[in-house]
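Next up: the structures, one after another.
In the two complexes that follow, chain A is the common piece, with chain B as its partner first and chain C second.
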Partner chain A sequence: MHGAAQARKYRLQGAGLDLALPYLMLAPGLMIVLGVLVYPLWDGLRASTKIYRYGSPVADAGFQNYLRLWSDAQFLNSLWVTVKFVALSVSLEAVLGFALALFCLREFRGIRLLRTVLIVPMVITPVVVAILFRLIYASDAGMLTVLSEAMGGGEVQILGNPLNAFIGLVVLDVWEWTPLMFLILLAGLQSLPHEPFEAARVDGAGAWRVFADLTFPMMRPVLAVAIVLRTIDAFGTFDQVFVLTRGGPGEATRLISIYGYDTAFKFQQTGYAAALFVTIGLVVLALAFSAIRLLRRIDAS
Partner chain B sequence: MSTRLARILTTLFVLATVLLPIYWLVSTSLKSNREITQEGTLYPHVPTLANYVRLFTEKQFGSYLTNSLVVTFVSVAIALVAGAMGAYAIARFRLPLAMEGKVGLFLLTLRIIPPVVILIPVYLLMLSLGLLDTWLGLIVTYTAFNVTFCVWMMESFFREIPVDLEEAAMVDGDSRFGAFRRITLPLAAPGLAATAIFAVLVTFNEFLFALALTATPRAMTMPRGTATLIGRIDTDWASMAAAGVIGALPIVFFALLVQRHLVRGLTMGAVK
Partner chain C sequence: MTHSSRLTRRSVIKGGLGLALATTALTTLGLPMAARAAGKKVIIGAFTDGGLTPFKQKIIPQAKEAGFDVEFLEDEYGVTLEKWFADAQSGAGQYDLYLLDDPWVPQFGAANVLEDLGAGGIDGSDKDWIGSMIDMGYWPPQQGPRVKGFEDAKPTLICVPFVGDLQTLTYRNDVFTGGAPKTWDEVIAKGKEGVAAGTIKYPVVFRGVSGNPIVTSWYPIFLSFGGSFFDDKWNPIFNSAEGKASADFFVGTMKQNAPSGVVEFDSDQEGAAILGGEAGVIIQYSGNALKADDPAQTKVAGKLDFGVVPKQEKAIAQMGIFIAGVPKSAPNKANAIEFLKWYTSAETQAKLSEAGSIPVKRSAFGVAKPGNRLIPVALQQLDAGALPRPRTPDWAKVEELLGIELNKALQAGSGGGAALDTAAKQVKDYLTTAGYY
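Let's turn to the complex of A and B:
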């Protein structure tokens, strides 16, 4: 009798534990996410409605911080620089990555080496990528200047000139991230069905027709995902600019993340910086969710 | 014949574009500052390892490296365990309010928001907890970032594994958790590897939070330490280049070692 009761108790305990199991398994991850991501998000939202002096809140600002953004010429400029930077870099990466993926679709000698080498730029620490390009662009000792002098030319000014510095930053991003675009698009190309292409070959379609009528339309969803991923990522670019130009010369390469960082840590305007970051977060989320809806529509049609 | 030539030329062009900047970094790291700024040589005429020695004897690169390795290893390990359990819970169980479908989307949303958005509050949080400039502060932060991504990625791996296998194990007397640990987890190992590799890359390379949360060689990571060499008026190009090489080597070596998994992890989400 006693033994049976004990056994029943154990079984019940087992059942109780199994019932709680999903929560027990979710708890550690969810707790750390709530503590270190969600609470700070909430805290940032709260900070964005306050005015700070010397690191502590002194007054309520309501939506003033948010309104102030849109009359802040430096914010508007950094937003414009960011949009230009993202649009230019991501479209260049998409075109180059797609071309390279089409090029690598047929197996040939050296392709393994090519693929291996292409992994390097995107895994190297972004800070080191910035160092790489500083060593290339530096007007006194950079690779471009050394090459130019070896050919009888003079110093090459990249980081001292606003337009050149901006282009230099785009080149860095293209160097670093075209490989990712390439890998995603190559995987996409390799997963396309063979039959339509064979049918087209039997019909004697030329290379361009095959690309325009088959490859491109079939690749559109993968292309869209790759572009969305890169765009979201590029919006948050910070490390490379921080090390390469620190936002300069003037404000030529001052992306929104750099401006926000300076507002918070250099100018100590915590509340205003929080409002700026909340705004960026909302813009990126809106971008992402409209992209997801767009993709669903492409999938459905 | 002409397509073959075009192919060779394109391959060479791509290789040169990728490798030339890297060649220049390595070559600069082997020159003296005098050779870099005054002679402008194309390759090190008097190769020297002095720059590397200086990094470790004068600039505390030993601590940066140790900090990076410890912080990366611990935070990825915790995130993998917590993430795998969380992913399993939402992949296999029905939860109240259909939470199992929403947790994934919730974590994905958190992942999409650029990290810079929560930089200030995380800084204030670590300040109030007294965790600025410590391993623990960085570990906690990185673990949170990695968990969102681990759960989201591993959920799909667990869904691909048939439930029957677990049920069989449970009939044989395993508990639910036992079945997860002995049957499902080993089957999901390739997915776990891809996830871990990606997490290692992102964590080892992280700079923004390391910049805000650390201030001395006690906790500064490799990217953070490298950045301290920059921004002086008189730039020490030779140290900077050597630091670049030291910073890049472990992660490039690691990436090439696990290349196959890496490419899978990087491309998987997008192509699906």
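Let's turn to the complex of A and C:
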């Protein structure tokens, strides 16, 4: 009797160990995910429901910080500037990136060098890119002014004019990030099956027909992925604006990232800034989910 | 406000005891004084600014001779506040001293993260201090309105002035041949003559970038027109008739006599304009002014002189001193306090003056050979009038709101008064949200 009970106990222990082992093996990874992903998110959410004064939480705010956002003219302005910036720059990057990818799909002498050169802007640190563009845009001694004066013109006003500064920022972003679009789309184009294109050629289809009926429809999922990735990334644009314009002149280039940064660190409204970033995070998340649904529809069709 | 004297005393006693033991041990071993001195480590955090060059070049070596092992860590101005505030709040203990910009004192003071230096033995009542400078080291302020929650708190010395920076006028002596222009009208009139003669390109250059830069440039003009920023209940009154007149002059007349791109100018472009020989006058802090006699830094060495800022009603500059605070989390707190006592002594301040930096003790202005022509002018300016920015932890936001509106008016070249009305309403709304009233 004693022996049987002992054996049963050992069997149960063994079974328990078998059951627990996968969880034990997963535990370190789970702890890391909790520590580096879940905890900061939870902490940010918690901070967004507090009123901070002088760097410390002093009262519970509930949803007050979230509601306050929608009557904050500076927040609404920076949101609008960000939406305009993202829409314009990502659209331009998609069109230019696609055009460059189509051009570089062909094989000719020097194409490898060209493909390498085209991705150089993307690998330069954003802060350095901003400094480079400041040297171009500065009205007193910038390259554009120097060129203009050499041709008998006057000073070129980019950073001191709201519209020009905004366009200048879009140009900088397009210069820096079109290569990413180009790289993704080129990889997509190179992975397309050859047969439909050969068949179209045999049927005598022209270049535009091939693009409209074959290339573009087959590339839509890749294009959608590239646009989604860049859109998410563009919402977080910070370094370039911080160095180039700090959001000015006035509030013309004040992206949401700059306003959030100032709110959190310069004005030390930690709770309000947390609510701002949670809101923007939700907007970007909604965009990402919409894009995924769109991709599924494209795949289905 | 809680006082930290218990911690300070304990750390001072611990430090002193440690030092006594170390001294005894080292003396017994027969080691030289320099080796003993190397133990007094002080980690100083500073933001990059030309105003600290004499301190870095001349005073740090002397501090080392005096036995301090100084580690000097610099950061870009824009990121310093957030970095230090996080360091102080989290108690990370990365620094022994912060060389703060003076408007940050209320933020650190209200957060209660700096040591009580008075309890550490630094005498804030010493008559040798420049009064307007040492006043900035107290939180809550000894005079003027106080923000809610600090109405009845005892003013505590949490920072001591480190480098006495303030705005003064730099002008071209070949344009303003009779000495520094006394009024703004003279700046414009004689500046135009200088432009007509081909000596300069612009009568005046200033900082026009949104936020802190444009407000800093406008502030002495605002003060000189007789403006006041807040009343004693924190109601914005900067949009008074005097304030509006100053803003209209700033975005109108001054812009018309400045480079067309002045809207995007910050201190680097402003400095380049005066050092490159293009501008007739600028109002600036000492960082660029210290370069005025260096032929490697300026094309017009010998043609730049300094003076008190021009007046309309009065001639009042903005104070912007470097001011030192010891975080409660400082790893070498006792050393930091000892270093401050050494640094702010009349002897070391005299050496700072000889090194070319504006001192913070009045006796040091009287040294036989000040290292820079700016130093006696700085004393003239202090005596003529120099005011700090309003002492509220929310100054950064107030400055931002005002700076955006002033920048928009500057873009338009008119509407300065209306910009102040808009900003005053925004500031009032913001301070209401922040619980000021």
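Note that in this section the second predicted complex is superposed on the first by the 266 of 301 C-alpha atoms of A that agree within 3 Å, B and C clash if a C-alpha of one lies under 4 Å from a C-alpha of the other, contacts with A are read in each partner's own complex, and residues count from 1 in each chain.
Here, a contact is a pair of C-beta atoms (placed from the backbone, for glycine too) under 8 Å apart; a residue touches a chain by one contact, two chains touch by 3 or more.
Since we're looking at a predicted model, the values are computed, not measured.
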item: Which of chain B and chain C A:262 touches, first, second, both or neither; value: second
item: Partner chain(s) touched by A:248 [first = chain B, second = chain C, both, neither]; value: second
item: Which superposed partner A:94 touches (first chain B, second chain C, both, neither); value: neither
item: Which superposed partner A:238 touches (first chain B, second chain C, both, neither); value: first
item: First (chain B), second (chain C), both or neither touched by A:170; value: neither
item: Partner chain in contact with A:56 - chain B first, chain C second, else both or neither; value: second
item: Partner chain(s) touched by A:138 [first = chain B, second = chain C, both, neither]; value: both
item: More chain A residues in contact - chain B or chain C; value: B
item: Shared chain A contacts, counted only where both chain B and chain C touch the same residue; value: 138, 140-141, 242, 246, 264-265
item: Complex contact set, residues of chain A against chain C; value: 53-56, 68, 138-141, 154-155, 157, 159-162, 242, 246-251, 262, 264-268
item: Chain B-facing residues of chain A, complex; value: 14, 17-18, 21-23, 25-26, 28-30, 32-33, 35-41, 43-44, 47, 100, 103, 108, 110, 113-128, 131-136, 138, 140-141, 143, 145-147, 149-150, 175, 179-180, 183-184, 186-188, 191, 222, 225-226, 229, 232, 235-236, 238-239, 242-243, 246, 257, 260-261, 264-265, 270, 273-274, 277-278, 280-281, 284-285, 288
item: Contact footprint of chain A on chain C as seen in their complex; value: 78, 81-82, 85, 89, 107, 110-113, 149, 208-211, 259-265, 269, 272-273, 393-394, 396-397, 400, 404, 407-408, 411, 433-435
item: List of chain B residues in touch with chain A within their complex; value: 7-8, 10-11, 14-15, 17-22, 24-25, 28, 36-37, 40-42, 79, 81-83, 85-86, 88-90, 92-93, 95, 103, 107, 109-110, 112-122, 124-125, 140-141, 143-145, 147-148, 150-151, 175-177, 201, 204-205, 207-208, 211-212, 222-223, 226-227, 230-231, 235, 237, 240-241, 243-244, 247-248, 251-252, 254-256, 259, 262-263, 266-267, 269-271
